Amino acid sequence: MKEQTPSFRDLYLKSAVLSNPVLVQMVGLCPAVAATASVRCAVLISAALSLDLIVTCVLASVLMKRIPRAVRVALYLGIGLALLCPLLYFIETRTLMNLGQGTKVYLPLLAVNAVTALHCEKVAVKKPVRMAFLDAAAVSLGASIIFLIVGTLREVLGSGAFAGIDLDLPFTLKGLSLPFGCFILFGFLAAGLQAISPYLRQAQEEEPDAPAAQPQEADPQDDLWSDILEAEAASSERLAALDEFTERLIGGEEDAQ
Amino acid sequence: MKMISTLLITVLYTVFVQNLVMSAGLGMSEAIRLAAKPEKFRSLAIMISAFSVITGTICGALSRIPAIATLPFAGRAAVYGGVLAAVYLIAALLLGLLKPQDRRLRGTLGIAALNTLVYAVPFLNEFAAYSFAESFFSGLAAGAAFVLAAAVIGRGAKLLASNSNIPAIFRGSPALFLYVGLVSLGFLGFSGTALFQ
Amino acid sequence: MPDSATKRTEGAQKPSHVTALRLFGDYLLMLLVPTVLAVYYYGLRALAVVGVSVGAAVLTEAIFSAVLGRSYYVRDLTSLFSGLCIALMLPAGVPFYVPVAASAFAVAAVKMPLGGSGAPIMPAAAGFAFAAVCFRTEIFTYTLRAEQKLLGAQSLGALLGGGNAMRLNAANLMDVLGGNVAGPMGTGCGLLMLACGVYLLMRRPRALLATAGFLGACALWAAILPRSNGGVLTNIVLELCSGSLLFAAIFLVTDHATLPAARWHRVVYGALCGVLCMAMRRSGVFEEPVCFAIVLGNALRPVLESILPGGGQAQRKEARA
């Protein structure tokens, strides 16, 4: 496969920001719920996710191109377990870190996370090793940044502390430390990303040799997004009719009932 | 009678009180990805339930062996993961022998088996100290919990997509995140706490 | 009406001839009555809570609109309605940051991003649920002017939660129905809620189908699975009059954007909300989980509509009416 290798900056902008794994592709949400409960968890899970993602992607790119898909996905789980269980064992027995029940469960669960499976299948097994590594690094960086931001917000707002240090806030919104708070914050962050992404895209297009193809719509088996994307496209067409609709909404027509 | 009510409570607990997908985010990525495919719900429910039951039962049996019960948590996690991988490989092999042409079904099989929801079931059974019968039913309910969550998300996504009043920057994944968060908030009324503390 | 417009009514976009202004104007008018009662029972403190809650909702909306660069949202009155609803479901002595958080959440996280007055989840219910999770003790403590109440600071919900009942007689039944028990400041008076129901019957009779389903399911549940050892009737009256249940039946279940289109779907939807609410009252930690039940019911409503037969035809009929 002859292909121009893009620079890390381009790749980062694309895989980590514009199609951020968590906020845009909505994968890896299960570890995200655990990771973002506090800053410490965010650091730990981000590190574990990055390790798992990079190692699995590189191994997949080097060794697994000939192996059938069904066996490959099981191997990703095996590699994940081989990496994460020793890590968990080390943390449990050799350090004084007291993991909550949540983190303890979610850490091995990272072995079956959707980010790894998605990027191994879509990028790593189709591209050269260097590309697989860069993609995995960019994606894990993109996810980690989100984890850290949301982890900080949830810990500060939800429990009034930062990295375990009490901040003495007058009141806290305990709800944000529960899983639903994580999704609400993701919603706002995703909206923020959506607001700035046109500018980022513009900046990227000004780069002369930015590669055009996204590794996204490659796999016919994975057309699960198409319905949502179609619906989205249809709804953005209606944006034009927005003002008219509002006019009618607040106009003086009669209540049917 | 008491047995039946205990099992019923186990099922209701897994589907509603702590809907595994909505309350803990287990298998949330898969639920969102499959939400737009209602025609797959039945096969998914069956597969997830089957994998949860088989993996949960084998892991439950293994965890009663003293050598495994005394392992540190990380060791048990490795054992459970290994069981899941083995169960999945056997299922994929059987499917390959029985229906070699069906690529789509094989793809669904991968998603149904290797997700955080199925892998979490053995841990849940362990933490809740479920008996064999209870863990059987909690496994069955895991599939129902997944399909309920996927159906809610799928219908919600359609509603949001057809609503032209949503501000442009919230269209798509931001609105869906907020919607999922609000549904998760709704489920909280049953319990008031998170699944894993 | 052209056919394309009829088709579009499927989903969140309700027929646009139902004007949000008129609809929420009606609701605001009805809400004035419990507000006056709240002021009668709790004095100016109640008015202050209402003011803070409504102010927070409108301010959040203004800020949000300014950030997004659009200005027309405030006119549809939903923010006023949400703020007022939330305030009336709170106890009068609540610290002011609770209504601020609840109203701000309702507007910023539900109403504005999910499509204004057509949001598929009810902002007021979600705002209250959020506040209930965040400030559980503050929201379910009813100590202001408790000495004048029938049971002191104990609300009917707490009474039932503890497995107790009281013997209803002519004297205390009037207290219970008149709202002279500790509880949310604007929702206790069953008689007023009945009056609001009658007004709604004149304005939007078909919306009351959901109310009927809701109350029917709650009453049936209370009769079959009582929480106390009082008589059947006692249990039903106490369950229905406790917390914000009647208020939710009139104001939250009948919300236009989240109501199914077909008539009997409305009954089923109401019954579903009722069952969820009563199940949550039994299993959950919240004294009054009706808002959680409404949020969950809102989320299950589109699923319900897709499962139940007969949706399409009725929807078309509705759109033509």
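When the chains are written out, they are named A, B and C in that same order, and each has its own residue count from 1.
Following the convention adopted for this analysis, contacts are C-beta pairs under 8 Å (C-beta built on N, C-alpha and C of every residue); 3 or more make two chains touch, one makes a residue touch a chain.
Note that the structure is predicted; figures quoted are calculated from it, not measured.
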Exercise for review: Return the chain pair with more inter-chain C-beta contacts, choosing between A-C and B-C.
Suggested key: B-C
Point to revise | Most distant chain from chain C by Cα centroid | key: A
Check your understanding: CA centre of chain A versus CA centre of chain B: separation in Å?
Key -> 20
Check your understanding: Where the CA atoms of chain A average out and where those of chain C average out, how many Å apart are those spots?
Key -> 36
Review point. Approximately how many whole Å separate the CA-defined centres of chain B and chain C?
Key: 32
Point to revise | Where chain B touches two or more other chains at once, by residue number | key: 158, 160, 162-166, 169-170, 174-175, 178, 181-182, 185, 188, 193
Point to revise | Multi-chain contact residues (two or more partners), chain A | key: 175, 178, 184, 187-188, 191, 245-246
Review point. Residues of chain C touching 2+ other chains?
Key: 109, 113, 117, 130, 133
Check your understanding: What part of chain A is in contact with chain B in the complex they form?
Key -> 23-24, 26-34, 69-71, 73-74, 76-78, 80-81, 84-86, 88-89, 92-93, 100-102, 104-109, 111-114, 117, 175, 178-184, 186-188, 190-192, 194-195, 221-222, 224-228, 231-232, 234-236, 238-239, 241-242, 245-246
Study note, to complete from the structure: Per the touch rule, the chain B residues reaching chain C in their complex are 16-17, 151-152, 155-156, 158-160, 162-167, 169-170, 174-175, 178-179, 181-183, 185-193
Study note, to complete from the structure: The chain A residues in contact with chain C across the complex are 170-176, 178, 184, 187-188, 191, 245-246, 248-257
Review point. For chain C, which residues are in contact with chain B within the complex?
Key: 8, 10-13, 68, 70, 109-110, 112-118, 120-121, 126, 129-130, 133, 136, 276, 279-280, 283-286, 289, 291-293, 295-300, 302-303, 306
Review point. Contact residues on chain C for chain A in the complex?
Key: 15-23, 72, 75-76, 95, 97, 101, 109, 113, 117, 130, 133-135, 203-207, 318, 321
